[in-house]
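Letters A, B, C and D mark the chains in the order given here, with residues in each chain numbered from 1 onward.
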Amino acid sequence: MTALAALIRRDVSVALRVGGGALIGVLFFLTVVVLMPFAVGPDLALLKKLGPAILWLGALLASLLTLDRLFTADHDDGSLDLIVMSRTPLELACAAKALAHWLAAGLPLVVATPVLGLLLNLDGVATGAVALTLLAGTPALTFTGMIGAALAVVLRRGGLLLSVLVLPLSIPVLIFGVAASNAALSGPSPFGTPFSILCALSLMSLVIGPFAAAASLRHGLD
Amino acid sequence: MTLGPYASFIIMSYVAVATVVAALIIWVIADYRSQKARLRDLEAAGAVRRSGRSAVDVK
Amino acid sequence: MRETGLESALPALAPATISGAMTLIDLANPSRFLSLAGRILPWLAALTVLVLAVGLYQSATAPDDYQQGATVKIMFIHVPNAWLSMFVWGVMSVAALGTLVWRHPLADVAAKTAAPIGAAFTFLALLTGSLWGRPMWGTYWEWDARLTSVLILFLMYLGLMALWRAVEDPSRAARAAAVLTLVGAINIPIIKFSVDWWNTLHQPASVIRMGGSTLDRAFLIPLLVMAIGFTLLFLTLHIAAMRNEILRRRVRTLQMLQASKSA
Amino acid sequence: MKLSGRGLRCVRGGREVFSGLDVMAESGHAVAITGPNGAGKTSLLRLLAGLLAMAGGSISLEGGDPELTLPEQAHYLGHRDALKPALSVSENLSFWREFLGSASRSSPADAAQALATVGLDHVGHLPAAYLSAGQRRRLSIARLLAVKRPVWLLDEPTSALDVSGQSAFAAVMTEHLKGGGIILAATHTPLGIAVRELRIGGTA
């Protein structure tokens, strides 16, 4: 347990210190959301309707972009070798790294949501609903994205390839996240159904992600 | 002075400005103190500047 | 090493500035700047407090606007912050020129420390604008041309701060930040123009213009005093933050010295 | 304790690096793996560390902890130093101490002791970014000391070390061997301790 706590602590502090990229993700989120009205138009009624979708797309892209270096940074400086050799099962180490990433880069997105909701003319209930769905859904984005991050180590290529690999995997999360937010905002359908499916997707990814990432790391090292 | 029906907005904006300005002032002062303390520690550890002057004795 | 860079830049400046620009030499030397800052800061701070106190008193006693009522009082803090949001970028642009063209040793210190202060004032301009807009528009946020431009400016400040944070070595970050600052300075009018055009395209001018062009003297004088007060506040904070940054770099140099001694 | 690998075969990128390689090392002994560039020195170490898949052969460690695999009882010191520049020297070391070791068996004092042994105790609070290449290498060596593991797999351990650093490291290795440890080191230069040489690759 101390080993995992140490890993989480290290990753979070590296992400937050000088040179770390955690807060850049939030900035990216902010910029993407601010950009949208320039394409759509400043019509507040329309923005309100599109709000949850815009926020979800922004959060999806922001969490994906920061995932790029999740494993490659450790691979480049040799830490990954030692992590693979340690007594801690690689699956748990991967889960710890993803959790640290979510704490440093995913949670700030949720915290930033209310401010952005204001810009998109969402009322309190809608903003709360979007923030809640992001809180439940961003772990799923991180934990499915980590599979791509592990593949990036194996393929020695990150960036766009990672996005192409991972984006299709995150479609279900996007569908149910936006559906739940919209249900809370206006829809006739209840909020509970899509939200519980979203939570189920998150829980599933918590299990599948670490195993898949660990498997691809084990076979990809050389 | 009466602030009319929107008094809360006016007060809120003044309070917000006061808070942020106070935060800036506190940040500047705290940063100054911590840098001075680190310089003093380094001096105590025997680090001397190239010019031989003390790094701390500038006011 | 940073310190060496700072001081070896001095002889290069000296021949060109034999008598006329003694202040430049004074300021170019970080140690001189530190002692000067130590002497100036208390006076500057006192002056700032005085001017802001007068400005606040005048704003409090200013009459209500016949159209906006008492909410016009928000203008007295909103406009100075909005002015500073642009003024600070101007300061940073001059500093960026100082970094790129004149290689002035204090230029990047000035540029780096201005960014967070500028971001704070820009944030306040947005916040007060939004609080002012709520009674006017009925919403906290309207994609009004002015507010939107300030929002983009705010994002650019944050990006600049992120750039400074992303690189550990300040002298390497300085060049990149200087280029970005100047590009930003050129782009801000273009962005402002585009946003104006985008805004009028979508919304025929039904939005209430904030702080219209013809201001009554009763508003103008408090506004001017507040603007001067906030500018003084910025100068005080900036000089203090520059002093901190110089000390921080001195700490860094000494630490690297300490590390290399043990090799 | 006895580490032995028999008939080892390694294939990388479709190319056979070596095959039918036997390697053996006993408690208290050091083996220097030598050979020309590309002979597979690093590959052999990574194979033993479990970082490369074996294409054939078997590896065993007799007399070790039966519940642990060989990689879990081995330290691997590679070309890369496994340090985070943003963290301080002591944060880097204490992370690896907590992550690799069982905290019960090593105390923070061990980490301080390890830093002192490699001569970095006075820069513990500085960011690792300020260290020179030689200092970074010494910090990696401190990791071997802060967490006790019987088998050391060292890849060019003395590169970037100056003469005094090399002799200090020789003392560290001698101490480890005295305690019953095993060292396998890939190297071009003499390590400064008594070693058995294992030459792999052609006769270049």
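Here is the rule we use: contacts are C-beta pairs under 8 Å (C-beta built on N, C-alpha and C of every residue); 3 or more make two chains touch, one makes a residue touch a chain.
Since this is a predicted model, take the numbers as computed values, not measurements.
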Looking only at C-beta pair counts, which chain-chain interface has the most contacts?
B-C
On a CA-centroid basis, which chain has its centre farthest from chain C's?
D
Taking the mean of each chain's Cα atoms, which chain ends up nearest the overall Cα mean?
A
With centres defined as the mean C-alpha position, give me the chain A-chain B separation in Å.
35
Geometric centre distance via CA averages, chain D-chain C, whole Å
52
Using the average of all C-alpha atoms in each chain as its centre, how far is it in Å between chain A and chain C?
34
Scan chain A for residues touching two or more other chains and write them down.
18-19
Expected list for chain C, residues touching two or more other chains, is 168, 255, 258
By the touch rule stated above, which residues of chain D touch at least two different other chains?
85-86, 122
Which two-chain combinations touch?
A-C, A-D, B-C, C-D
Name, in rising order, each residue of chain B that touches chain C in their complex.
1-7, 9-10, 12-14, 16-17, 20-21, 23-25, 28-29, 31-32, 35-36, 38-39, 42, 45, 47, 49-51, 53, 55, 58-59
In the complex, the residues of chain C that touch chain B are 3-4, 7, 31, 34-35, 38-39, 60-61, 64, 69-71, 73-74, 77-78, 81, 117, 120, 123-124, 127-128, 131-132, 134-135, 233, 237, 240-241, 243-244, 247-248, 250-251, 253-255, 257-258
As the complex stands, chain C meets chain D at residues 168, 255-256, 258-260, 262-263
Can you list the chain A residues touching chain C in their complex?
18-19, 21, 23-24, 27, 30-31, 34, 37-38, 41-44, 47, 118-119, 121
In their shared complex, chain D is touched by residues of chain A numbered 2-3, 5-7, 9-10, 13-14, 17-20, 76-79, 81-88, 219, 221-222
